[in-house]
């Protein structure tokens, strides 16, 4: 396989679907096939995603197994809970990449606690930078793309947890742009409401909490505790996660930085900033890059790591395409970039 | 004394000075006297602060003791380190209200560690809502207005610390609008840089850290530890602080809320939101209000409090005028409002 | 009459209704009575308008004549087309102030062309700064509040048209914040869509076009032509209107400025900026002020006037309260301010 | 020539220089050579442009002929007035592409009127979509990249002027993001000043006015008049230009649209939107696309065209690379995209 893979995107009218298409239009090894929508079936993509000029005349089809059949790769960018039924009708040889939450968690109890309803199952988890995960994605035919917050929160903490620098009793506060909340019209997401505004939401209850804990739990035998608070910020894209945990031993900022730099030395998309520079989301917008900095607070005896990601790109669609590359045996970075759009 | 107090504002061309004037224009008991600037002396205020229409023709004078003399109240909105010299030349009967940091800290060692240089001294701390502080402000002639981050961070944590609900090993992550950084032109504060961007700064080193610790230390005998991380957010005004600490005992969200509600029951400007509603900065912009919500994370065994404030209003200029009211024996809420500008 | 007027607000959950209440909370001569909503009836205002702290516990009632009866003033902040039926059930002695479009136009044909359906009628037009209008508002019992775009567009052009400086063949391009589009959740108004975005809409068809023409037509016998293009800008509040027209005679910028300055010399809320300063919306946010500048382009032989207004304040709610003051015989500026919230 | 052209960028620390580099990093036929700066010489690019990850370790050199020598292409992204001296020292065989204004105007009198000082000369004008221009750019060794406003304003009006649909007495009001003002720190460009704000500037005096007139003058024998008003909008990138002119004859929107569609049928980067859709800047951010819509206002007897462009991309750096492709004999679209970054 390889070049010329034929791709379908289910949910092409939403933000994740649109971003998958934006990236696929710059990917040299694919052909864009069926595009589907729910209420938007029958509408030209040009009316829904006017930035996708080369696909303006494509008309959305309904999201059915029949429409999605006959492709090498199917991206599912559907509301949570809908992926399982669609995937079940697609052949085992098709690469199905789910941008929803349905197959991310391993523990059915955690699923029930945070999402409710029946647990659909667990697919290989699409975060290649997490130790042990890349191998599971090469040639995989079902992949669960991580949540946007877990992507950046996990990568900001993983080296410290894996190296035992901290007690894994972590506190994450992450400010996110609004596109993570999707394109469904809700009053609190109106521009008039979010511009000039900062708001907390999902405090103590956000569904990405168990996913962060699950990821960190792969790196240590110690008990994991995750306090996660998301904040809605007035920008369409980008997450800045501030993550901290108590030091497990005496540590300097230089030592911490060296541990992180070593952990990510071979990663094409995770970049430790040089000493003194702290991440900003603008640097990664539109790209697949994650930028990270770390410091030790000797007074508070905590390690503080800050990471940034574009929630729609590396945090969703870019991560999904990175997984597709691995699944198809393509170079992992094909069609992806570390260069953000700034200013 | 009372109505008709004659007011001078040193630093009238900056954001804090402008906000003091905006609020004084709606205050029934004052007369606006001298307005001073540094490099802007000689310029009409209308060119510098075109929103202050009634003062458009006022020309800034230089910031000298001679200009500031003869007023009942002098607000100092000067760069850090300049207030002491000016205040020393003003009579003991003049109410001097300093919006800078010079006189906030009690510990000269902390001052040296975070600010460097010589410690100017300590004035009564202008946060009336902190137990024991209001009494010190009634009739005071020197007042140090709190920093914007400490105002909201302290109020978000004070009831929990005072009641022993938590171990005072606190983590605060606070997203702030850009006006807190002032009006001096710096490249990283350009609109092109901050719009659509979230960035961390001052990690482990921010000067407001010891001020938060000092405030919480007044409420408990336990050792205080403060991990504070500020985040620059794309909005001119507003701070949303997410503060958390380990539970000291089993606790429910309802109990925590009740403790907070009782603590702030008589405060005119601190409002606990009803259960289920979380603060947003938009609700307090332009006002002197602080809105707070609290929850217990039983899994992570932490108490999470979120507070919002307008950094320029209650966080600086509004807090300063609240202090002036106390100093002059006026009703504390005179000329101030709990009603924010939304959307 | 005067102090103590009892006020009802129909449509208290929307942006116009919320802004009326924000301003009434600072108005010394009123008592806030019934607040009504449609789908939000039964909900506490604190959940819908959390910035209106003093009214947080008020519960919305349904919008019926029974609920609105017994008040001295009723503000209607309802969707277009609903005001007539409600007003018909209120007594002739009640001051009814309609923030909708229903009663603004005089020409039934224009109504039919731009709005469709039956013309409800014409009420006194609530723009006191338009020559001849203030007199009609003193003691009025029915008032049609102008549209936000017509308010600023008319005031930017009126002196030039009235003095015959220009041929009234005007071109207006006005950029507006999103709150003018209301609080109903529509996909194209989502924060993710409007932040970082500029879009044109309603080109050649916007309903405010005939209202601008009607206003200018009161000032000249010449034929009026209005080309109006609105632009949606990424900010919650504020309109900046750029209006131009061909010169009718040789003219200098100084002469034009003098004509404008004379026209608005006695107006409390319309402010000509000094030479060299151009308006910005930030200067008028939250206020009832209109700021205007004018220049002559001698090469293009056009007069260019730029005006700014807060679409929700002077452009809707503030204008409505100014009208209420006139209707009740109160000083016209009661409870209103010329001081904007900046930055 | 062709693949492997060696490129230098003078002014790599600014917005235009950064955008040239962002695009070159995705261009298959180039090798990035010297990067220069003025006060930033000696600094690593990673500190100045942290989004350009692959170039993070490059150190800026001073902008001298010696440093710039030995490249096939030199991009000049310098302050106005500095390009001439640098270009004079570069060989005639080097492709020099100037993003400044120095060589755009043909008329020395216009240069003197709008810029002052001596006219440096005139280079081939880098707007291939303007009739007759593309031919001048193929193989050119000196190219003047158009201004951002003239790019979009010209393309929005050219078909109507060329076809005689309108009298070329045009009115352009264009709202722009802040990056067009550059990265030099000025108080009025601070984030606190521009967020939530709309402001007019350069009214009747903007330097892009004669450039628009020059372009339109190539398309008609009629006298050209241009009234141009720029508006600063709260977004980093994007220009939305609203351009109108009196109809020269009876015309329908459908006819106008057909004229435009025919004019741009073969242009790879200029896209007429289908009827009913109006341009938004979000659709073109980061891309080389221009999106345009047109309508006829039969009442006002004007043609209205609205165009959008990313001021830094097609409006500066993308346009420059399009010119480079033509100069080098590469396919014109190499390394450029019509797909914007939305949301």
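We call the chains A, B, C and D, going by the order they appear; numbering starts again at 1 in every chain.
To be clear about the criterion, contacts are C-beta pairs under 8 Å (C-beta built on N, C-alpha and C of every residue); 3 or more make two chains touch, one makes a residue touch a chain.
Because the structure is predicted, anything quoted here is derived from the model rather than measured.
Peer 1: Select, from B-D and A-D, the pair of chains that is joined by more C-beta pairs in contact.
Peer 2: Pair with the higher count of C-beta contacts: A-D.
Peer 1: Quick one: which chain's Cα centre is the longest way from chain D's?
Peer 2: Most remote chain from chain D, centroid-wise, comes out as B.
Peer 1: When the C-alpha atoms of chain B and chain D are each averaged to a single point, how far apart are the two points in Å?
Peer 2: 45
Peer 1: Indicate the whole-number Å distance between the mean C-alpha point of chain A and the mean C-alpha point of chain D.
Peer 2: That gives a centre separation of 35 Å.
Peer 1: Can you list every residue of chain B that touches 2 or more other chains, as numbers and ranges?
Peer 2: Within chain B, residues 15, 179, 192-193, 195-196, 234-237, 280, 282, 285, 343 contact more than one other chain.
Peer 1: Please output the residues of chain D touching chain C within their complex, sorted ascending.
Peer 2: My answer: residues 169, 171, 173, 175, 192-193, 195-201, 203-204, 209, 225-227, 229, 231, 233-240, 242, 244, 278-282, 285, 293, 295-297, 299-302, 304, 306, 308, 343.
Peer 1: Where on chain A does chain D make contact in their complex?
Peer 2: By the definition above, chain A touches chain D via 15, 18, 22, 25-26, 46-47, 49-54, 56, 179, 195-196, 236-237, 271, 273-274, 277, 280, 282-287, 289, 291, 337-343.
Peer 1: Considering only the defined contacts, which chain A positions touch chain C in the complex?
Peer 2: Residues 15, 177-179, 181, 183-187, 189-196, 234-236 of chain A touch chain C in their complex.
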